[in-house]
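Please find the structures below.
Next, two complexes with subunit A in common: one pairs it with subunit B, the other with subunit C.
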Partner chain A sequence: MLKLLGALIVIVASTAYGFYRAMIYGKRLEQLKQLIYSLKRLKTDIQFGLTPLPEAFLHIGSQMSAPFGQFYIRLSERLIHSNSEVSFTAIWNDELNNASYDSYLTKQQYDILLQLGTVLGTSDVEDQQQHLQTAIERLILEESVASEEQVKYASLWRSLGALLGVALVILLI
Partner chain B sequence: MLEQVLHLLPQEIKTKIELLSRKAKQQLEEIRIRENRPLELIIGIEHFFINENGELQLFSERAYKPSNEVCRRFLERITNYSLYSMEEQLKRGYITVSGGHRIGLAGRTILEKGEVKGIRDITGFNIRIAREIKGTALPLIKKITNPKDQTVDSTLIIAPPQFGKTTLIRDIARCISYGINGPISDQALYEQPQLKSRKVAIVDERSEIAACYKGVPTFDVGPRTDVMDACPKAEGMMMMIRSMSPEVIIVDEIGRSEDALAIKEAAHAGIKVIATLHGYHLEDVYKRQMIQQLIEEETFRYAIELKRDEFGFMHRVINIKQWLKNKTQYHQ
Partner chain C sequence: MSSFEIGTIFQIAGLGIIIAIFAAVLKQMNREDYAHWVTLAGVVIILFMVIRALADLFQEIKSMFLFQ
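Up next is the complex of A and B:
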């Protein structure tokens, strides 16, 4: 009897793990889509509104969900209340780091954002557009890869989780 | 007023300036930041460098030198982290920050078809600290007031940079707008009001006179004053003549022929004009054709030369008609 309960727990836990791994692909894809949209909005704000970054970040962040919504909002607040001790890039990197705890992006994808943080707000409109466009295009590439991966691996992990659970049970019994 | 500037400065510079004596801070006029070169402060009419301990010194040896990183951080702050949003200002070579303080920029210009499009590699900053001194214009206004019309007469104010031109005309606008009767100062210069409160229009091309922030003047320029902010002088004057029905127009640093035309338009419309001009003496500025014309046509009734030495500011009022008469007599 106890053995049956134990087996059930193992299978459930393993399946849950499988579902978790599958979910990551979905979340990653969703976050990438959100980021791309936010950068497109930033591009528009800069091009047509010449909106300063702190303001633009606040607008964009307030319409996004965690963790990047928070990322933009906190970024905006820190910039507005800055005391000139840290540079923009340092603040950007720090907040990206904070957001990373709740995000599912790969290191490669983060690098795209890190690079953007070194050039935002440092040149004229045309140049900013180019930098943003580059970042957007690179993220779109990542998005299509992530989409493929989701199709390929999500259902795989879901089944894999359950199967692994059963295999473990068989091994242990 | 100094607080707003301090707020924008990088910590390294801010702490040193905060160490200055109260008197020094009150008289601080310019902060000149030059990358990898000694930080310079203009206090009163003297200049000083500053060492690592915040002590003022006259020599530049072993003075504190702001690094490239410090300068970059400062530029980030004054551009609100968005250089792209400052295209107009970069073209003109300065940024006016909240509080009316003007920060001049030096660096490498970017040209487009031979014209300055912007500046890159900005490594020199000249922070000019704006101050509001209510009442500073009273002694002067007394001399240019026409008691019969109860208004001021058109006046040309001549002074080189840093002689308090802007602080002066700011207060002139304020006094005329309130009228010499209301809450201007505790000094009772008149027994009965000789200057009625008038509608004032300020063409504030460099946002220095009223220092408008989001459209509202930072300084007290009077209750009956309209400000055309960041607007080219000649155009601004014409716009205000047409739409704001001013009684007095205040404009800073005229110099081009369009400015003269606009001033004449105003004069023909019966509007009094208080304008400032770069120069030392009436004789010198008279040599400029555009000014010569304005003077000979007696568009201005008075010219005022500002002076300054270690004791303070002074002015000399010249009656134009009288001056022209003397000139012709002299030449005869």
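Up next is the complex of A and C:
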């Protein structure tokens, strides 16, 4: 009886792990889509509204879900309340690092955002447009890769988790 | 003693089936390299189980012919 219970727990746990790994791919795709949309909105705000960055960030962040909505809102708050000794890039990197704990993006996708932080707010409208456009294009590329990976690996992880549990149970019993 | 042997045989059969499904799933997802490794790992695990059973057999034979 106790053995049966243990076996059940092992199978359930590994199946759950498989589903968790499958879920990551979906979440990553969703977050990438949100991020692309937010950068497009930022671009529009800069181009047609000539909105300063803190206000634009607040606009965008209030309409996004966690973790990047939180990221934009906190970024805007810190930009409004910061003294001039801290650079924009430092705040951007710091907040991006905070947001990274709740997000499912990969290292390469972060590097795109980190690079964007080094040029955002340092030049005139047209130059920033170009940098934003580059970042958006690279993120769209990442999105297509992520969607491919989701198709490939999500179902794989789901079945793999359950099978791994059954194999473990057979080995241990 | 005999129940242990039956258990081992079923264990090996079950592992074989699971690993076959494993490899099939991996192959379907175009991960032939991983499929090969999984198959190899399964072979090694089952080989160890068989070796343990064989060691028991040798022990039996030795005690039967009073070699010790």
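Note that the second predicted complex is superposed on the first by the 173 of 173 C-alpha atoms of A that agree within 3 Å, B and C clash if a C-alpha of one lies under 4 Å from a C-alpha of the other, contacts with A are read in each partner's own complex, and residues count from 1 in each chain.
Note that a residue touches a chain if its C-beta (ideal position, glycine included) is under 8 Å from a C-beta of that chain, and two chains touch if they have at least 3 such contacts.
Keep in mind the model is a prediction, meaning the values are calculated, not measured.
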{"item": "Which superposed partner A:Lys152 touches (first subunit B, second subunit C, both, neither)", "value": "second"}
{"item": "Contacts of A:Leu160 with subunit B and subunit C, given as first, second, both or neither", "value": "second"}
{"item": "Superposition-derived comparison: subunit B or subunit C, residues of subunit A touched", "value": "B"}
{"item": "First, second, both or neither for A:Leu171, with subunit B first and subunit C second", "value": "second"}
{"item": "Partner chain in contact with A:Leu5 - subunit B first, subunit C second, else both or neither", "value": "neither"}
{"item": "Contacting residues of subunit A [partner subunit B, same complex]", "value": "46, 50-54, 79, 82-88, 120-125, 127-128"}
{"item": "Complex contact set, residues of subunit C against subunit A", "value": "11, 14-15, 18-19, 21-22, 25-26, 29-31, 45"}
{"item": "Subunit A-facing residues of subunit B, complex", "value": "7-11, 14, 69, 72-74, 76-77, 79-85, 87, 118"}
{"item": "Residues of subunit A that touch subunit C when the two form their complex", "value": "152-153, 155-156, 159-160, 163, 166-167, 170-171, 173"}
